[in-house]
Every structure is written in C-alpha cells, then in structure tokens.
Amino acid sequence: MTPDLIYDQMIAAGCARKLIFSWLGNPGVGGLGAIRRRIEPATSDVPGPDGAVAAGRLARLEVEEYSHFGMVGRYTAGAAKLPFYPIRSYFETDLPKANPLIREVQSPYGDGVVYAVPPLRPDVTIVHAQRADAAGNTQIWGLLGCQKEAAFAAERVIVVVEELVDEAVIRADPNRTIIPGLIVDAVVVEPFGAHPSYVQGAYDRDNAFYLDWDAITRDEAALQAWLREWVFDLDGRAAYVEKLGAERLAGLRPGSAPSGEVDYGSYS
Amino acid sequence: MTPDLIYDQMIAAGCARKLIFSWLGNPGVGGLGAIRRRIEPATSDVPGPDGAVAAGRLARLEVEEYSHFGMVGRYTAGAAKLPFYPIRSYFETDLPKANPLIREVQSPYGDGVVYAVPPLRPDVTIVHAQRADAAGNTQIWGLLGCQKEAAFAAERVIVVVEELVDEAVIRADPNRTIIPGLIVDAVVVEPFGAHPSYVQGAYDRDNAFYLDWDAITRDEAALQAWLREWVFDLDGRAAYVEKLGAERLAGLRPGSAPSGEVDYGSYS
Amino acid sequence: MSASAFSKNEMMIVAAARELAGQRVCFVGVGLPNIAVNLAKRTVAPDLELVYEAGVFGARPARLPLSIGDPTIVTGATAVTSMYELFSFYLQGGLIDVGFLGAAQIDRFGNINTTVIGEYDSPKTRLPGSGGACEIAINARQVFVIMRQSARSFVDRIDFRTSAGNLGGAEQSERIRREQGWLGRGPSVVVTDLAIWHFDDDGEMRVDSLHPGVTIDDVRATVGWEPRAAPVLATTPVPSAEELRLIREELDPGGAYTS
Amino acid sequence: MSASAFSKNEMMIVAAARELAGQRVCFVGVGLPNIAVNLAKRTVAPDLELVYEAGVFGARPARLPLSIGDPTIVTGATAVTSMYELFSFYLQGGLIDVGFLGAAQIDRFGNINTTVIGEYDSPKTRLPGSGGACEIAINARQVFVIMRQSARSFVDRIDFRTSAGNLGGAEQSERIRREQGWLGRGPSVVVTDLAIWHFDDDGEMRVDSLHPGVTIDDVRATVGWEPRAAPVLATTPVPSAEELRLIREELDPGGAYTS
C-alpha cells in the first residue's frame, strides 16, 4: 500500500517484480532510490556496481497504482469476496487513464456514476502487532491502517508480534482483537521486529535510520553493501536486533501512557 | 434494524408510520403484538380498547424490509455518501420482489452481478453507550452492532450514556472511541437508560421484563395500560428508573471482568 | 421429569447438537439454534468457534445467551467486531463452516420461510424476517436447520422464500451456486422434534433417523408432501444423562426452550 | 539565525499556519502540511481537530510527527479508526473542512501533480503518488496547498493530474462538482516560500500577498505562466518571535523542514 524503506530494501534485493501501491517514499525524509531506479528509465539503464542483484540488471518494475482509499477498497473487496468496491475518488484525474483497472460503475438508483476498484487477494499478508496468543488471536492498538482488511483478504496470514501472551489476556479484552487466529497461519515472536519503524507503546521510529537511508538509497553500491551487512551476512532477525545494540534500542523506548481499564462484566 | 420491545412500545404509542428493518421480535421470547397488529389485516381491523392511540385506529404500518447485512450496507452507504452498497445476498429469495429498492448491479469487471441496497440517512440516530465526555466523544465496548455506521449516516446524533467522563479518560484509550464528538448533537446522561436491555459491564438484560412483555403485547388494553403507567404518567426517565426500584436494578449488576490495560506510550 | 425421561424438545436439541461433532466454525441463529449450539460446545464440539451475528467470534458464553446479542457472548470471547465486519469478512468472506438456522416453514428442498404466513402485503402472520438468515444460507459452507415439525411448518410450498435452500432441486441449486459464486453448498441436515433428515443427491430431504417412540406415520402426518425415508431407518440414540443435565441445570433451567 | 531573521521556509510555514485560523477540522497531508498544521494548532487554531489519514481524529501530537503515521499522533488523540472508516465516514462522508496538501507541480487552476515528472510510463522522476490526495481534493470542503514555488513546480501544464483543482476553470469545476456531487469547493489558498495566492472567481490563482523582501518579479520568474496579482499587493507579516520559537525549539529543532 505505502512502500517505504522495507520495500526499497526488498526491491533492491530483487524480491519483487511488480508494485501495487498508493504512495511511495521515505516518510518525512525523501525518496526511495532502489524503487526509483527500477521505474525511471534514465536511472534504470545504469547498471549497478554489484552482481546479480544490482538494479541495472533487473527488469523494469511493473507498477499498478491507486489512491489510499482505492487500496483500502481493494483489500475490503478482497476480504468480503465482492467483485468490486465503489468509491467516489478518481473523477477528473489521470489515474483511471494510468490504470485501466479503475473503472466506472453506474448506480442502480439512477443517481450517477462512481468509480470501482477490483478486489485484491494477497498470497500472503504479514502483519506486525503488539501481541498475539499461540492460536494467532492478535491484538493491536494505535494505528490500525488497513491491516484487518489485508489479513482477511489474504490466502495466508503471518503475524509478527512483540510479545506472545496467554489466551486469557486476549479474551479479557475481545474488542482489541483485530485478527482472529482462525485466519492466521503463523505467529512469529520477534521483539523489535518492526524496526526501523515503530510499535505503539513499545518503541519509537528509529529516525536516524530513516535519515541515514536517504544517502544509502541514492547509491546502489551503498545499498547493496547495506544489504550484505544487515541482511545477507546475518543469521536471522535476532542477529539484526543484536547488531543494532541494546543502547540504540533502549533509546527508542517511549514513556508510559496507560489506557486505563474497562469492565466487561461477568454474566453467568 | 432489529425492532424489539422499545419499537413495540413506540409503535403502540403511535410514534411510527413506517418500519425499515431486517428482523423483528422479542429476542428469545416471542412476537411483538403492537407491530403485528398494525401489519396483519386480521388483527389490525380490530379497534383497540383505548382512545386515539389504539392500534385499530392507526393506519397500517408501512414496511420496508432487508436482511441484516442489507441494513448494515444501507447505513454504510449513508455514512460514506455512496449511492449504493453492493452485497452478495438476496439471490434466489423473494426479498427483491417484496422490496423493489433491492436492485442488481453489474460488476464492471465482467464477472457477474451482485445486489445493491440504497443509502440510509436517518434524521436522528440514538446510540446508547457506556461513556462519553462532555464534547460527545463516545466509547463503547462489547457489541458494536452497526452503531458507528448509523451515527455517521445520520443528520443528528444523540448519545445516551451510563457515565459522563473527563476528556482525559477518552484520550487515554483512543482506540475505544466509536463515535467522535464532532458528529454528536447531544449527550444525555441517563444511568440504566438501556433498560430493559443491557449494557456490557454495567447491567444485564432484565429478562423478567421481556417475559412479562409477551403477555402485555398480546393484549392491546394491557399494552396501553403499561404505556400509561410506565411512560405517560411518569415525569421522565429518572422516574421510570426509580419506579423500577433499587432492588430490581441491583439484581441486574454483573460480576466484574476487567479488560486489563495496554500502554500507548508517551512520545514527546 | 426423571433423568431417563425426556421431552421431544430435549431430544431435538440433543440430536441437533450432536450433528455439530467435527465442525469448526458455526454461525449461531436466533432461538433453537442458540441452545443446540451451546449444548454442542459443552459436549461433542468443545473446540467449536461460535459466531454471533451481532459481532462476536469465538464466544464462550458462561450461560445460555438469552438472545444472540447477550453480553455473556462477549465476555471471554476471542474477538468482537462490528456487524459490518462480521457479515463482510467472516460470513461473505467464506469463513463459516456451518450456519445453524431455525425456520417457520421449510419445503422438501430445504428452502426456508421466516418472513410471512400468507400474502406478503397482507399477511396472516407476520414472522421476524430474514435477519442474517438469507445471507447465512448462501455463504456458510453448510446449513443446519432445527425446527419443530408439523403440517404447518413442513409444507409443499412455502409462502415466502426468505433463505435459499436447494431451490427447485440439486441440479438447479448447483448450477446457480456455481454461476453466482456462492460459497455454500446449501442445507445438509434438518433436525426436528420427530426425526433427523438429510438431503438426497437430487436435493430433496430424506428421513434418516426417527427419534425414540416416533413412527414413520407420525412423520407423514406432519409433512405437507409425501416424505422420503431412508431404506433402513435408524433410531436416534436417546439423550444421555449428561446431555439432559446440561440442558436442565446449565442451559435452560427455566425450561423456556425444552419443556 | 537570530529571532528576527527567518528563512523562506519558516515564512512559508508560518503563513500557511495562519491561514487555518477559524477552521475546525483539518486533514493533514504528508510533508510540509504536517508542520504547518501543527504550528497552527499551537498558535492561531488551538481547537483545530487534526485528522491523519492513517486513522486518527483529534490528534494532539506532543512533538512534530515524523510522518503521518507517527505514534505521537495516537497517544492522547480523541479517536483511532481504521483507514477504511477514516476515508469512508470522515473524508468521503463530508466531515473535513480543510484538506492541507503539498504538491510537486501545480497549474494556474490549482490542479496538482504528485505522481510523475515526464511521461507516466517512462517518467523522468517518479514522485510518491496520490496517497489520499486525490480523494482529499474532492471531498474536503476546501483545499489549502503549501509548496515551494519555482518554474519547475508552478507550471503551465502539469505532467499528470493526480488531484483535481479548479480543472479548466471555475465554470467547468463548479459544473462537474455539482454533477458529481463532490462535497468540496476545491482549492482556496496556495502558500509558497514567496507568496500567498488565493483564487479568482474564474478559478485562476492570484497573488495576494508577497512575503517580506519578495518582489512581483521574483514571483514572475518562478511561475510558468503570466501570473495574476491583486490590484493592491499585501506584504505578509513577518513571523513572530513565538512562531519562530515554536518552529525552532518544539516542532523542527533539527531544521529538517525549515532550514
């Protein structure tokens, strides 16, 4: 939906053929070089300094582009098994010309036309959350984005959590459950798994990383070196977190802002 | 959406000309006599024993009928200013024949037809909730039903709450806010305001009332007598609650089932 | 009533509950399905995920819910969602294995009426309406029905088709389900106070098991068409002492459903 | 930089923030709008309700949000919703008074490009894309734009119309807005590092105020058409010491936006 640093990394590593999105960038900082190099002909013709995964050797990135609400509508239609989702966006813009999957649909009440977007059904949706139980029942607070819709729309769902909790913790507050274990295929317990991004209540965005990325992403060699150092040469995510160092991570911890409790009542 | 006792009371009192709904009844108990008498010709021809508000003197009740998802779709379209909402219901049922507002709409992707329901924009939506602040920011836990959609779809919104709380209570847990004060026209603080129904964590359904209602609603005279005693002759809702009696209400209090707390984190 | 004696309603509820053995996710309808599913959760299907249309997934009601919007279905549940999300993502999204419905009228192909007896615009009896039934009927993978059986309820022609069953037969039903992309295969069992019915390949229901003390003539006398019976009719096993105890002590101590 | 001196970017942000005086509900776009709106909330519009597209209504960010999905917009907010609900009920539902957008290119009628420079299929520069901008542009009651002004950004023809402004002029814009039932009246102000622009009755933008030290020739040199100017050009009041303090000490101590 909103490709940022992690997409830039995956695309630099050659993991993607096509991007379906509504906004791309390094939020609050700048652009994403690996993605731009695979979209802009002037830069994508330049071979990268590195071997097989250098940008210059990779095919142009296919692009299928919507607005935010369009992407939300696509996931919603995917989750609800609807053939389309109607929204009032796109009139008098060039987006329907750029993307022929954005189509008009007539209201059956004779009051005009709206635009439609088609359902999106990801092969896999990966959601990061504060906590889940072993059955995959997942709770999130703070921004929810479009994670529920993207999970329900997907063929498979992987939940990455800061903390594995007892089922009783989940069942004590069922209104916080965003994704039921019913649709979850795997729960991965990986503290700091959202780094360099943040998790509400757990840690802040590592803004130094975002700022540093701006220089790295402009230079294909630097990007490939970063991938070697921080991805390929490390034995999994735990090693990545260890390499970041305890001090850096501790500096990302927010102060406390407790929610308060409510009472569901015991009815027996 | 699901007319139950309070609708039966309002219709017996002559407050309604038309019912737009998906299910009607006394949940878990039986039927709603006042409504049935204004729909079934055999009974609606019988004049009521009481004066102007007797069922027999009132016109037949207009009926506009959907399924649950149809009503949800109507409110959703109303809240989102969509000209229609598409759902996969109604195929091969008699509902579209009974209600010509249920119409087919073609998918613009050439993969068939779904049904559409039209937007519903209530003049007023009344929501009962556990708590709100003075600005109308309203929090609900437990069943959410279609209250958010119905509130956003409405011209005016009245929130009735068990408890008025400080703004800080709301802001401590923004994920629990279902309705923002922005769309609320009035906050009414009325403990036990949902009686004889329940409020999660606050009180249980007064089941004796529902059982008693079955006899009352079958007999127009008994129903009108109930309205006199419990509505017309009382000076507002507080008098109704007082008349119920502290003992009866105390018996409806559930045990405690606390939600636990989460931490939003302080990011400054 | 002694533990060995039982009412027709108790037999019906027990038989319906047993049909849920091995099922995973059940959408619970209002009325009789509510008690049958709650009994199943306590007996043959402890892992059954109960879904209530008011917006609950994974309910663990501590008592029999008085309605399908009872607060006891929320406390201790896995998840609460809006009705929008429940109907969109869980039901229409195809996550429901069994939809458990009641009915006022049913025909031989399992089509259901819960709307009106008589003409729609001038009904003899106004019934509750669809609620979520018409969408459960086409989106749940299978539909189970529980209802009392009588000449007024098992009819040759239902007065209003609220919820689609096997339509005019299996051939038509399968074609339309395929064409429309319905996720459900339609009705698979009807449990009454007299018998257990399943569906033949042509989509018509067939008596497979008579409850203790019920004869095939009792069934014929309460069906508005010439009913089909399995070549060898089983007898439904009587309720166990534990099943009866659960109904009488935990689920329906007032006997509202079962007396 | 002393308190009395200020950068062009600081002047732009201060001028943009002041335009929000008296407004109630503001949808905050990514980038420059984020800092302008947060400054307004601390100065001319303390009651402003900040709406962030990631799903927050009534944000009270304790610091300048690093992005429009920063956790500081959640803590202490009035409400968090899904993006679905935010775009459906708040934005498309018509509850937003002002949508505050940035832009890479703008034309004289306030149409905006944030998609590509050059051909769409073979772009010279790939920009971020619409995000929520194309829906904000037609659903927010008014649109405010903040952007740096240059011959590359104020162009006679934008390369791609991401978000509708006054289309080919007010007549066409009003007709289409009426026909399509758009809730928004379109762009009403553009604030740049040089000037403040509003829109004439015919839908074309007009310079109303020049920032201190800027001449109309500076403006002409950075606009790809012959720009219109108000008969009497105002001079934008300089940033106050308090406005500068808020920017430098609280909102952008690193100077990312304002240096």
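Every chain is named by a letter (A, B, C and D) in the order it is written, and numbering of its residues begins at 1.
Note that in this section contacts are C-beta pairs under 8 Å (C-beta built on N, C-alpha and C of every residue); 3 or more make two chains touch, one makes a residue touch a chain.
The shown structure was predicted, so the numbers you read here are calculated from the model rather than taken from an experiment.
> Show me the overlap between the contact partners of chain A and those of chain D.
Touches both chain A and chain D: B.
> State which chains count as neighbours of chain B and simultaneously of chain C.
A
> Measuring centre to centre with C-alpha atoms, which chain is farthest from chain A?
Greatest centre separation from chain A goes to chain C.
> Distance-wise, how many Å sit between the C-alpha centres of chain A and chain C, to the nearest whole number?
Here chain A and chain C have centroids separated by 41 Å.
> For chain C and chain D, what's the span in angstrom between their mean Cα positions?
Spacing between the chain centres: roughly 57 Å.
> Whole-Å distance, chain A centre to chain B centre, using C-alpha means?
Here chain A and chain B have centroids separated by 38 Å.
> Send over the residues of chain A in touch with two or more other chains.
Each of 76, 81-82, 87-88, 112, 141-142, 144, 148-149, 172, 175, 200-201, 204, 254, 257, 264-268 in chain A touches at least two other chains.
> Chain D: which residues touch two or more other chains?
56, 70-71, 74-76, 80, 88, 92, 181
> Check the chains against each other and report every pair that touches.
The list of touching pairs comes to A-B, A-C, A-D, B-C, B-D.
> For chain B, which residues are in contact with chain D within the complex?
76, 79-82, 137, 148-149, 152, 170-172, 174-175, 177, 180-183, 264-268
> Can you tell me which positions in chain B touch chain A when the two form their complex?
Touching chain A: residues 81-88, 103-109, 111-112, 114, 116, 118, 130, 139, 141-142, 144, 169, 172-173, 175-176, 200-202, 204, 254-268 of chain B.
> Please name which positions on chain D make contact with chain A in the complex.
Per the touch definition, chain D meets chain A at residues 30-31, 34, 53-56, 65-71, 74-76, 80-84, 87-88, 91-92, 115, 120, 122-126, 128-135, 138-139, 160-164, 167, 176, 179-182, 256.
> Hey, which residues of chain C end up touching chain A in the complex?
Residues 25, 49, 56-58, 60, 62-63, 70-72, 74-80, 85, 88-89, 92-95, 181, 183 of chain C touch chain A in their complex.
> Along chain B, where are the residues that touch chain C in the complex?
Interface residues on chain B, with respect to chain C: 2, 21-25, 27-29, 35-36, 39-42, 65-69, 72, 76, 87-95, 98, 112, 141-146, 148-149, 198-201, 204-205, 207, 210, 254, 257.
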